[in-house]
Amino acid sequence: MDLALDIISAILLAAGTFFVFAGGVGVMRMPDFYTRMHAASLTDTGGAALIIAGLLLQGGLTLAPVKLLAIFLFLFLTSPTASYALVNAALLSGLKPRARNETGAPLPEGEALQPVTRLGKRGTNTPQDNTGKAAAKQPAAKKAAAKKPAEKKPAANKKAAKKS
Amino acid sequence: MMMEWVYFGACVGILVTMTLAVVRGLIGPTIFDRVLAVNMFGTKTVLFLAVVSYLSGRPDFLDLALAYALINFIGVLAVLLFFQSREVRRAAEAEKEAGK
Amino acid sequence: MMTIVFSLFLLTMLVLVAVAILRTENLFTAVMLSGIFSLLMAANFFVLDAADVALTEAVIGAGISTVLFLGALALTSEKDRSPPVGSWVPLISASALGAVIIYAVMQAPRLGDPNAVVHNHVAPWYLEKTPELIDVPNVVTAVLASFRGYDTLGEVFVVFIACMGVMSLLGRVRPRKDSIKLTEYEERSRNLRHHLIPRIVGKMLVPFIVLFGLYVQFHGDFGPGGGFQAGGLIAAGIILYSLLEGDWRGRELVPEWFTSLMVAMGALLYAGVGVVCMLKGGHFLNYSVLFEDPIKGQHIGILLVELGVGLTVTGVMITVFHAFARRGVR
Amino acid sequence: MTLHDQLPALLVVVPLVTAPIAYLLRAHGLPWAAAVAANVTAFIIACALAATVYGGETIIYEMGGWPAPYGIVLHIDALSALMAMLVTGASAAALIFGAKSLADEVGEEIAPSFFAAWILCTAGLTGMVITGDAFNIFVFMEISSLSTYILVSAGPDRRALVATYRYIVMGTIGATLYLIGVGFLYMATGSLNTVDIAARIGDVTEVRLLLVAAGFITVGLALKAAIFPLHSWMPNAYTFAPNVVTVFIAAASAKVSLYVLIRIDYAIFYKNIPNHELQLALLLVPMGILALFAGSMLAIYEKNLKRLLAYSSVAQVGYIALGISMASVSGLTAAIVHMFNHGLIKGGMFMAVACLALRYRSVNIANLAGAGRAMPWTMAAFVIGGLGLIGVPLTPGFISKWYLVLGALEKGGLGAVLVAAILLSSLLAVIYVWKVVEVAYFKEPRANAVPVEREAPLVMLIPTWIVVLAGLWIAIDSSMPVTMATLGAETLLGAR
Amino acid sequence: MELLGLYNYFVFAVLLMVGLYCILARTNIIKSLIGLTIFQGAVFLLYISMDKIDGGTGPIILEGAPADTIYANPLPQVLILTAIVVGISTTALGLAVAVRIREAYGTIEEDEIQEMDREQ
């Protein structure tokens, strides 16, 4: 029984580590901030869940599984929220997703000045797709993100006008 | 004994990922990439600590991992607020320019 | 063996990050990297069996310190305009320092050497006598609060002074932003209320963070934790609330007079326990005289003293954060 | 335990407990009153302790009731009692003196934290003086330095902020270097108690660790004490701090770091590192001589009176460093007595400066023309202090220089050079003191200057003259500091 | 292997150098303060490296732990616990001063401040 548990938890841990590592590679290799965020945020949650599940099976002292569950809950809640907050901040500050149009030429407003990588060359992504990926987990994120820059500038301008 | 090696392997895997995150933090290129790196690094540290506390046979040290998870979140929100206030400052500066 | 592998990874990253901090010209980047630096440091402490220190470094170094740096950055500037090449003095003094240290540490005992002098004098006494004299499982807490309680008392006063200093520096000119009606955009820039998801998730977490802080406070005798860590965590909870709802709402939740009172009362509680010990005929901070049974006296003494530490640290961290946040948009 | 047994702890505990209370007092004048009460009490306790140890015994007080290498002990002998008297006395005198001036300079809003910081500064300095634990010194050093930062930053000029910032950076580097030194000591001996370290250090084979530990501790403390090339933070901090704060920190703060330097170097390293005298001399003699000349020259060319006195402090610290480097009873006695006397002299002079600043609203020497006639008592106090800096007989400065010359003469050939340096720098002191006297007594005030007719208020004059007279009394009957310093020097060098 | 056992101390030396250089060479106040935290962090590393014993574990004595368990040295941990708090206190104070300097001078570059003071 113990051995079986051990094997299951070993598999879970290995899978989790793989996910985590894949996320790390993604963060290194992806062409721009939004795609990197996509790699990081998905594997952050998934890998963490697997690793913690692996540890849970090992039991340990009485309080340990409770704490593990708490950690899992925390990560599960905070990690996507943090990703959302970050993407939102990036969009607010005017960082445009790097993207290509239908013909494969880069869009003029692409800001991430990375050497073109294989992923980037596929060239089918439209800007909308790109943001959509990052914010896919939270529909509201997309809405908020799309709305913010539009309403921010007028507000700032209005203020400027009033003061001067 | 087998489990220890599994833990050890997991630790090394997480450590390598942490290194990747650090490298991303170092090369940027945008500041958001750096924040992303910090956030990711924090999450990986949580996992690392959790696994190490099992590896060393002291699961009572899981408190630490919990605390890290919390702190990490607060850090990201602080960054978000910082970006907002920066926008305001920029607007104010633009206004000053316009005033001249 | 494993420790060495982990240390190799962590320490090498530490050096990389430190050099990157030195080289970057963007202060925001430097602050982010110093957050990573603290996390790395903390992970390294954990690998070296110093769980209490790792917790403190994570909460205070990586958490509160980063928040304070960001608060200060928002009030100053983001660009480091240092001239790229300065005088030779820093380079020479830094290299001399490094050379001297490397010269010395060649004679240091290797990491984890059980025959090192530090492990064979004083320290074994603590490990051996703590169960007998104080009877708390966490030896670090025993040494911190009782054997070297006088140091910790000094420490509480150090944070107390820092709080007073920040208040006297940043509280002097009261920005009248609170009374004037803020423009919509200005007001928005000081909270995260319009970010629905972080706001809801964050507010949900606040009570749990405070609860966890209390757990760390009162569980410090048995596991890693104690007043410093708990103070940092509870303050982090309040700071989270202030970030989400705006700092003025944070100040409504814990008003300034209240935090000031906490700070002063925590310090007084610690010193007061010592004075009571004196009145009962013992030495200053000798908790054994508090009760008939010296061990019970030690327990109560440590509990009260840690409470004092927790109160002061919580109050100080909240006050300092609010002092920066209140300085507001200029 | 009787009250008398508890005195060592009370010396620190009374100020510590008063500080939070003072911080909570919001009413006008109350924080100041609390600070005065705490400091006067501490001064009385210090005097009582000094009376107890005057015969040469040592008081050991175990904090928390834990015995020496495991717990922290307070360690009080003649030397530490003398220093405790200096610190608490200077603090109490400056506070009483500053009743009016502080109300003027320090805003109502920050008064509670200002006075609480002042109390804690005293507590930190006395804590450093009486503790017998190397790490505990660090903790109390931080208490005293952090509170000094607050005191300095309360200065009216915006330059006070920059001075505070430099002070923070340099002070923290100094404290951290000290901490590294203690770390190496701990690594080599496994203990933190100074007596225990001294007992165990003989068995240590890793000489490099000890050497480097000694180096770090010395440099760290030299930075805190502003010995010459490491003094850069000090002149501006003295100049832009509120006048009364300058009185206090000039009289007490740097001296305590020097005291710790003496204590650790002699109690721990001197007996156990071969040729430590030579190393100390190699480090401190050049630093001391450079300090004498550089400090005096900078003072001669300085136009701001407060900064002039600050540079003069750099020079005077040079004398103390020379005394320390001699590693003989007369040299150490000279160093200790000079710490005490210089505290008195500089305290008195800065008090006079504060009086001048109150009336003239400026500390530029050029603006003080005619002060000799307008404020005769203040200027007389200043001149007596100036004579003390020069080392004229019948002033306290003479006593310490006398011992210093005696110590130097014991050294033979090198000693003659030292004597020449001491005499030459005294001549330089004549120049910079004369510069002030000339303007104050012999120059007509500028036509467009606002004429100052009134002498400083009595609340300020009386404490100033008490300090000046105490200095003169010490000059005539120097038995108290000299006995205690000799006792201290003999204990430190004793068990060689 | 011998040198590997001293790796912690070498890193300590390097961090001290980086920290000191950052403090002294950079004229930006906040950058210097970050350097100060690195400088202090290095010292924490020195102390904590001393507390490790091979095969040891954190110094929390649990009931039921085998009698021959080796515990790490608690003393350096206590010292550093206090030192960390000193560090954050200094940093907070330094940052507050930096904010005030920025308000008074409009810059946080030391060389520019020096120039302004000279003009005065």
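So that you can tell them apart, the chains are marked A, B, C, D and E in the order they are listed, and the count of residues begins at 1 in each.
Criterion: a contact is a pair of C-beta atoms (placed from the backbone, for glycine too) under 8 Å apart; a residue touches a chain by one contact, two chains touch by 3 or more.
Not measured: the values here are computed from a predicted model.
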Under the touch criterion given at the top, what is the topological distance in steps from chain B to chain C? 1
Enumerate, in label order, the chains that touch chain C and chain D alike. E
Return the chain whose centre of C-alpha atoms lies at maximal distance from the corresponding centre of chain D. A
Highest contact count belongs to chain pair C-E
Could you work out how far the Cα centre of chain D sits from that of chain E, in whole Å? 28
CA centroids of chain C and chain E: separation to the nearest Å works out as 12
Going by the touch rule set out above, which residues of chain E reach two or more other chains? 16, 20, 23, 29, 50, 57-58, 60, 62, 75-76, 79, 82, 86, 89-90, 93, 97-98, 100
For chain B, residues that touch 2 or more chains besides their own: 18-19, 35, 37, 56, 58, 60-61, 63, 66, 70, 73, 77, 79-80, 84, 86-87, 91
Residues of chain D touching 2+ other chains? 135, 139, 142, 146, 149-150, 153, 180, 186-187, 192
In contact, pair by pair, are chains A-B, A-C, B-C, B-E, C-D, C-E, D-E
Report the residues of chain C in contact with chain B in the complex, numbered from low to high. 2, 5-6, 9-10, 13, 16-17, 20, 26, 28-29, 32-33, 35-36, 39-40, 42-43, 46-47, 49, 51, 54-55, 58-59, 62-63, 66-67, 70, 73-74, 78, 185-186, 188-192, 195, 198, 202, 205, 209, 212, 216, 219, 222-225, 229, 233, 236, 239-240, 243-244, 329
Chain E residues touching chain B - in the complex, by the definition given at the top: 57-58, 60, 62
Could you list, by residue number, the parts of chain C that touch chain D in their complex? 100-101, 103-104, 106-109, 116-123, 125-126, 129, 146-151, 153-155, 157-158, 160-162, 164-165, 167-169, 171-172, 260-261, 263-265, 267-268, 271-272, 274-275, 278, 281-289
Touching chain A in the complex: which residues of chain B? 2-3, 6-7, 9-10, 13-14, 16-21, 23-24, 29-30, 32-33, 35-37, 39-40, 43-44, 46-47, 50-51, 54, 59-60, 62-63, 65-66, 69-70, 72-73, 76-77, 79-80, 83-84, 86-87, 91, 94-95, 98-99
Please output the residues of chain D touching chain C within their complex, sorted ascending. 1, 6, 9, 13, 16-17, 19-21, 23-24, 61-66, 69-72, 107, 109-110, 113-114, 116-117, 120, 123, 127, 133, 135-136, 139-140, 142-143, 146-147, 149-150, 153-154, 180, 184, 186-192, 200, 204, 206-209, 211-213, 215
